[in-house]
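Below you'll find a set of structures to go through.
What follows is chain A paired twice: with chain B in the first complex and chain C in the second.
And now, the complex of A and B:
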């Protein structure tokens, strides 16, 4: 019953909601980012981060430091926090937290399959996988020759199995098929997550619907822009869009036939929440579209914390941490490449 | 009479040596400009690669996705050392068809030879960014033949194929990265040609200085 979560939520979820709100207060502030943006070397960045919650994870890293090392250690912190929450959670929160991992599992599956297609060593590929997306039989993915084998040998026993029903075929795996598989899996995952949140009801359903709808719409725009000038047909493009979101179904019909960025803009400007995003772009430009979408996402994620007694705070916290890690990666790259004047091109402030 | 003939000859020698010095300085200037352009192009390329990684995610843009299967190179580098041309000439053949690379590169080479003969008769262009690579020759030959669209489509197809190791649907930022590194490769070839000319000019000036002593 919506509105009565206050009576029962804290019995099972109160401790973890308090934990996640505590973690949220540890996110980097604008003052932290200003200090980081003024660093001259990666060791300076390490020194500034030693005063934050990332300190214990970076303190033992020897010089010379690399951007990938900073990102890896910051991600470890996120993984530790997530695992702590998962082990303490009861149903249905534990299932909700598991859903947050599935996106990373899909990325890891595609990474292993693509790398194997390119005759890369499996151990090398496993090192590049996201820790949140690891599962026991992931190394066996290298054996599969087509999607049917992929499903039958490995993925049938994983949580991704239900998402494979739309992409099982005996076609050999090539770059285009793998891309279609990636987007089809992600589409099925988002729809499943959406249905699960709707079943939970209450504030969780209301807030997560908004966040997942935004995610689905953003993916639709990215798929459209990235497929312009490629061999992907209009029908195949339309099939990759999720069956929910603000753009479903009429926006999808318009996006499916777009041939350039200006047509995408024309389709999106009809929707008021996205009008403000596309108004920041000049004609023909798509470079700052990513940053504009990230800024809108961060705004919505921060708003999730304004309400109590729902699970969306966990999703919002994980996404905000991932954004923070992206910011750190960008700042590190700009410092390493001596491009500090461009650091504000992609940093998205959270507070 | 003899003294005036000697005078004319010596003034000719002086103007020849001045011309050699000017050629040397000209080549040096072009070389330095091109080195600066290369540095900018590479810097831009690395920055755009970081931007693409930010956009697509580190799992989609990383070195573990490079294709290690054996395949034909779509871009090749050729050194021409003809007897009738003093300097070795370096040429870049970009985006040859990976399906039939020999056929495509032979056609490009033939057209390049023809254009090279035309070029050796005319003064070397001193414009910044002047490049000598097969794709330009292909476009010119295609214009003469009548199908520029086909050549452009082939190049676009090969560009898409080389980027597909990162996935079939890549961000425009990754395509911009590819363009930057492609431009850097062209500049490297141009630097090779200018350096070859620079070294020849240097040898000429050095020779004259030795003779005058």
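And now, the complex of A and C:
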């Protein structure tokens, strides 16, 4: 019953919620980012990070450091924390935590299939996969030739199986199909997650609905912008939009017929939460749009921590960590390539 | 004797007043302890988890657990007081209005104390959980949230006061 979760939530979820809030206090602050932005070399970054919670993960790395090493070790920390929480969770929290991984699984599947198409080595691709999205039979994705085989050989045993019903076809895989497959899978995943949260009810349903609706709307805008000028038809584009969120259904109708960024902006400015994002775009630069979306997402994720006794804090924490890792990657790349003037272009401060 | 012809009324007044008293005493201690235990586990699970990253909060936040425990002690005290009010009356006087009144007074006192302590324990437990989590992030918040807890624990005290007043006038009829 909504409003009375405080009475029974702590039986199963109290300890883990307290742990995740403890992890949240270890996120890097604006002061940390300022220190990192003033580093000259990657070794300086390593030294600053060893004073934060990333210390134990980076201290054994030999110089010379590479950006990929830093990002890999930071991701490892996230994976360790996630596994620690997952092993201690009971139902329905454990199912909720598993749902957080499916997005990464989809990305890994697409990465391997695309890489195989471009004749890369499977081992090399496996190393680039996100560790949260690994599953047992992932290496055998490389042998599939079309989507039906992909499904039948590998994916039918994974949790992604139910998301494939809409996109099985016998066409051979090429770049366009793979992108459509990725977006169709992600659409099915978001809708499934949304339904699951609604079933949980209470504060979890309310906060997760808001967060997932924002995610669905952001993906709709990105799909629209990326497909302007390609051969994706309007009907195909409309099929890739999720069926929940602020933009459903009227915003989707408008976005489906957009042909350039100004039309997209016109369609989005009717929605007050997104109006502030799109008013910052003066001449349609998509990098500013990405950063604006990330900032809005971070703001909403931080708000999820204001309420106690719900599961959305776990989702919010994972997303905030991923944003932090993106920030670290950007800062490391800028430092490594000596372009420190651009470092503030894409760093989103969390606190 | 009762002249009402309603069968429910006759049934109720023919239950022994000692039954009502005993149930009242049981509720006073049992439901108070339920409230205290509920509050303690709500606070304790959050406190343990939060203390992993912020070990300094453990000693201060035991106050929340102590407030919940006090609720159980109220229940024990009132139960002991109530059972001293039980006296034997001769069988001829067992269904006198005086006896019934004494039985009902002890019953009501037990219910008052039990349920007041139940909600008080729950209240203090939930606030204690939030207190532990906030203290782990920002230690200046502890004292402010403690004030809220103190107001919450006053609720149990109200129940105890009224319960003791109720039971004070539970006088059984003297031997004729």
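Rule of thumb we're sticking to: the second predicted complex is superposed on the first by the 350 of 351 C-alpha atoms of A that agree within 3 Å, B and C clash if a C-alpha of one lies under 4 Å from a C-alpha of the other, contacts with A are read in each partner's own complex, and residues count from 1 in each chain.
Simple rule for what comes next: contacts are C-beta pairs under 8 Å (C-beta built on N, C-alpha and C of every residue); 3 or more make two chains touch, one makes a residue touch a chain.
Quick caveat: nothing in here was measured; it's all calculated off a predicted structure.
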Do chain B and chain C fit side by side on chain A after the overlay, or clash?
-> fit
Larger residue footprint on chain A, choosing between chain B and chain C, goes to B
Contacts of A:26 with chain B and chain C, given as first, second, both or neither = second
Is A:7 touching the first partner chain B, the second partner chain C, both, or neither of them?
-> second
First (chain B), second (chain C), both or neither touched by A:344 | neither
Now for A:227: first (chain B), second (chain C), both, or neither, which partner does it touch?
-> first
Using the superposed model, measure off the angle between the directions from the CA centre of chain A to chain B and to chain C, in steps of 10°.
-> 160
In the overlay, answer first, second, both or neither for which of chain B and chain C A:148 touches.
-> neither
Scan A:16 for contacts with chain B and chain C and give back first, second, both or neither.
-> second
Minimum distance between Cα atoms of chain B and chain C in the superposition (Å) = 31
Per the touch rule, the chain C residues reaching chain A in their complex are 38, 41-42, 45-50, 52-54, 122, 126, 129-130, 132-133, 136-137
Using the touch rule from the top, collect the residues of chain A that touch chain B in their complex.
-> 68, 71, 107-108, 111, 114-115, 118-120, 124-125, 127-130, 175-176, 178-180, 182-183, 222-223, 225-227, 229-232, 286-287, 290, 326, 329-330, 333-334, 337, 339, 342, 345-346
Give every residue of chain B touching chain A within the complex, in rising order.
-> 43, 46-47, 50-51, 53-55, 57-60, 62, 64-69, 156, 160, 164-165, 167-173
Of all residues in chain A, which touch chain C in the complex?
-> 6-7, 10-11, 14-19, 21-23, 25-26, 308
